[in-house]
């Protein structure tokens, strides 16, 4: 308790009730412990029980060539999505940061609105666009570029497009905030010290965005890793990724043991991604000079 | 050492014009302050010179070369910001070296030079810190070193001390003045603190609503402000109308504040038949003139007391060495601390 | 009172009009329909119950039986049972009857591809990227393995390597493997595919969208798929559930559904007017269908699933 | 307005914004198409798919289930999230450092994993019925938003006004009611909106938690899209977007969205 | 009008003690300032009196009643905050009426009374504005009215003017002083600005590291600080060691700064054989003593110039009316602006 009082914050509250913050947070902590931590722990616990040792289910799962391909595909799709969404997000965010007034607000609204509609609806829209009779094919046929419609749906590219569409608004929001948080004087200082616009971007803006890029990357990568609806609607059984495989095992083949292993693998990948991105972020920050 | 000429400079934000036909001649090697109230256009002027925004009209010449054609990052101007504007992801020495890096100087060389300038501002041993581990005063020193190290043709300061506490402010003020005397870089210094402007500058331009209202040596501004606006800004807190009754050999008689005053004349005064008399509080005290006072508040100043009073309905601030006002207080004026101004309609 | 019926939800309007609404009216009960594909519904029912009657294809009802999800039904409880064909009465022992029989075959767009007359035609080079076929976890998925095996003249159970090698050759022609018949209808009507391996219940919908579509007469014949009705082991509404099943296998309902949505009737007393039907409408047609031995199939299912994934999960 | 924005940059940004906007426009177009399959540009113009969607019992029933689940879950999330956010911001150093990250765990656990885990533990082991299970599942995914958004509005909060109110004679309880709550009302509303929208759109967790006769609209839609590719899904999507838009406009009207989101 | 006694007050944050045995006696109706550098415990003292934190030892009595037993919201103390702390969701008049509402006063009555106090602070016509539509000075007036309207037994101000610009600060200072003279509410005023403390207070307590170092009338503090710390705080910027050589009838001779000085004696000086001489810059000028100066920097002050110099290695700040230092500058001391302090070891 003593350390609690010691660190009591600004404004001078050596509070008379050091337990109060704990009491206030207790219901939420309880809810998460019982309904998140416990279920996930149980799941992982049960996945670690093979007849041939705790890790046996994992060895079995990971040694299958098919599963390896699923994992690799999942990572590739998540990686590609992350890079593309960050790039597109950066383009829009840096533009929006310079566009003020009503126009800026309208554009921001347009960028954010997709975030408020369900992933389902948004993936569904791409089915309409990429289909044989969709906008792209009719367009390309209309201008005579192709004569037979292309098969654009139900493949990893379609998934990546759908996911980039899903996550770019998130990148825009995060990055726009971060860009605006850079004091204009910092950029002006660099300019008066002789930085050309390009160097200003690479030496000042970009390094200062690293933390936000990392935050976005983590959210996008882990989000793509888990994107079930998009994978189901835009991918196909032939291009399973971990979430669709998990669903297949749990709800279709009723193989919950395999489902637990996949869930654990997904958790590990998510946390590994977070750790990796954070390490990258630290590295990038160290290397800026 | 280069000179700077600003001629006919105008600028606006959106539709609102904030600089109107501003002229300023800054001799090579001199230190000039822009003094004026908030919003009068001081920062805008610096930004135009630095190329951080565009002028709508006018010229800026550095030693005769038109600066407006040079892109901002090639102007070779050292700018010190009020909020320091250090690059948060670089440490202290990297910040100082940043400008040298843009100029293509090698790593070893620029770090050596940056270290040298850190010495100059008294920050030996802080090279490896990041900006957020510095106090305000230390940040401002880094900012100063960073601007100086590129050997700029012109140094500019935008209220560099206003985020520091009173004591630090004095130290930094001395440091800036000393460095200027040593390096003689032509400098423009923005402040709204009259005392600071006077202490540090060779010449001061008092700005009002986007124009220079008076541009002169501090001593002149202090003693002979040219307008009510400038007078107010340099501490003539009492300004009231007078009528000239007579000005003759050695004596000046005016009627003001419901009474009549006779003062020893000063030939440098421009006394119109009707105008304003401006007096610092130190010039006014209790005495025996025909002007009666009504004292409303006394405050202790340390050396002496200040009294708020009214004379003939006009509020007046005067000083006295004594704690108690006389029973029937009357005004006395020290002619060495007053000046005369044209009436309001004529002043701008 | 409510009765929860779990089914595919493929033709909700007709089912409601011809089956559920009359039943509700007669028994003063509200029917709640839960929809989804076979495995989803079976699993949810197994995990959390709440379903009274479930409609499944025979492959999945067999799984349900194996997992003890269903209750048994005594033959005497169903007044209409004896009217059903032999095979449909007790397809899986003491459990529910089959109310419809479907065929697994091929449909193609005659305007866009050459006629198809054999299962082997699926392997034709001109059909590259044109075909959709059922995924492995559907009723008819594994049948494609049998087809692939017989194409190269082997027994899929005895020589799965050869069967799947044959299947692998089919892979370039496949655009998508689907999970529900309606998915296939979408693929067909949006032009994503021009050839589909499918159960015949989806044919009317495809014909409605693509008039040039043709059901292929196959040299090797079609596979039979029985749609069964079962009650939950723990249903509190057992009586009503049995009544529902009895109603659903009645001649009147089967006839109406046959005409409205093309469910192949199993009730021998259904008398359809002379004509061409998109389902097996005569005893001959029904008897010529190829039957699958589910006990044999279920035994190799896991092995085949892995092999299937290796072929298609590129 | 467009301070030194390079034309190429502007064009690139415009294209990306088009990429972000177009799909939703297309859904709108597809919804009013007169064809039985989904297409864009629409062929013919008809509202029949809207009509049809509104006649589908499953859609209507699941929509009301969704409303109930999302409303209950969001309310609960706020009820336990507001005190948490307050504790985290107000006693920044007093709570263990891991506490804040703890509340963001749900964001880091893939939803589909959470759904499966809850199916096993909450549904099967604890035998919690469908409706409460759905509400709990949604509560867990919304909680981080509630904590973060309310926390953000408290972040700029000048807690000295609490002291001011106390010295003016308000008891601690009165301070909460008359000072804190009114001042973070915009944040609470924003958190509510965000949580509600997140919840009502959820697929991955609900997928495992819906049960016989009780399903949420996205799950019904999902099942439906996989089976029927007709414009009624587009029509439902458009109606959902309209609802979202209405909520946002309402929020903007009553508070100013920028304020609420900030 | 109530008196306040603080006795033996101690307080800590966590393990760190910030007030140690603080004593302060505030007579009923008087206006007392706490003056001290940042972190010395001024705010902590106010918070303890207001009941916003708990003391670890000591008593606080308001007219003999132990305040520490009264819960914070019943202490009836008006507190004016540096950052105003207006309730942002209430308009101006509702803010002022807030305290009355807590006291159960009816709506009409409390709005009438709030309006009356808005008049008092010169904010007629601002009643319906929200706080964010006010300038800093206006906010501080609302804050003042809000604290006054509840008719508190004690008014407390925590650096109320430090967020205002220089001009506003003077106006508000007068307003606070005037209101005090009018209402006579016992008041504690916290500031780290010596001039402000002197101008506004009857008595000033100079605080250092959680203790009161000197508590007296401003005039006494100004002329006779009791310690080096206080001397520094009240403007004795030059403090240097001396040795007493002789103190005789009318004359005091000391050796300091490498020279010898003889000054007219002042009986109120406490001159030890060895100690510190404290002098304001105004007390030092160029003259003809035996102490030689080395001038390093001149700055213009308006009336006169300040010179930074060293004497025998010690930095010195002195004033002069003339712009130019003599060719061989020497120090002169005005005995009216100096005082003597005990040597460092003895002072705290």
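Order of writing sets the chain letters: A, B, C, D and E. Residues in each chain are counted from 1.
The rule is short, and it goes like this: a residue touches a chain if its C-beta (ideal position, glycine included) is under 8 Å from a C-beta of that chain, and two chains touch if they have at least 3 such contacts.
Please read these numbers as outputs of a predicted model, since none were measured by experiment.
Number of steps on the shortest path from subunit C to subunit E, with steps defined by chain touch: 2.
Graph distance from subunit B to subunit C, where chains that touch are one step apart, equals 2.
The busiest chain interface, judged by C-beta pairs in contact, is A-D. The mean-CA centres of subunit B and subunit D are about 55 angstrom from one another, to the nearest whole unit. With centres defined as mean CA coordinates, subunit D is found 17 Å away from subunit A. Separating the centre of subunit C from that of subunit D, both taken as means of CA atoms, is a distance of 39 Å. Between the CA-based centres of subunit A and subunit B the separation comes to 53 Å, rounded to the whole angstrom. Within subunit C, contacts with two or more other chains are made by residues 44, 179, 190.
Contact of a single residue of subunit D with at least two other chains is seen at positions 37-38, 119, 160, 163, 226, 229. Taken in their complex, subunit A has these residues touching subunit C: 64-66, 69-70, 131-133, 149, 151, 153-154, 236-240, 248, 250-254.
Remark: subunit C residues 39-40, 42-44, 46, 67, 129, 135-137, 174-177, 179, 190-192, 305-306, 309-310, 312-314 touch subunit A in the complex. Subunit A contributes residues 4-5, 7-11, 13, 15, 18, 20-22, 24-25, 27-29, 31-32, 35-40, 42-43, 46, 88, 91-92, 94-96, 98-101, 103-105, 107, 110-111, 113-114, 116-122, 124-129, 131, 133-135, 165, 168-169, 219, 222, 225-226, 228-229, 232-233, 243, 246-247, 250-251, 256, 259-260, 263, 266-267, 270-271, 274 to its touches with subunit D in the complex. The residues of subunit B lying in touch with subunit A in their complex are 50-52, 72-79, 81, 83, 85-90, 94, 98-99, 102-103, 143, 146-147, 150. On the subunit D side of its complex with subunit C, the touching residues are 36-38, 56-58, 119, 123-124, 130, 210-213, 215, 223, 226-229.
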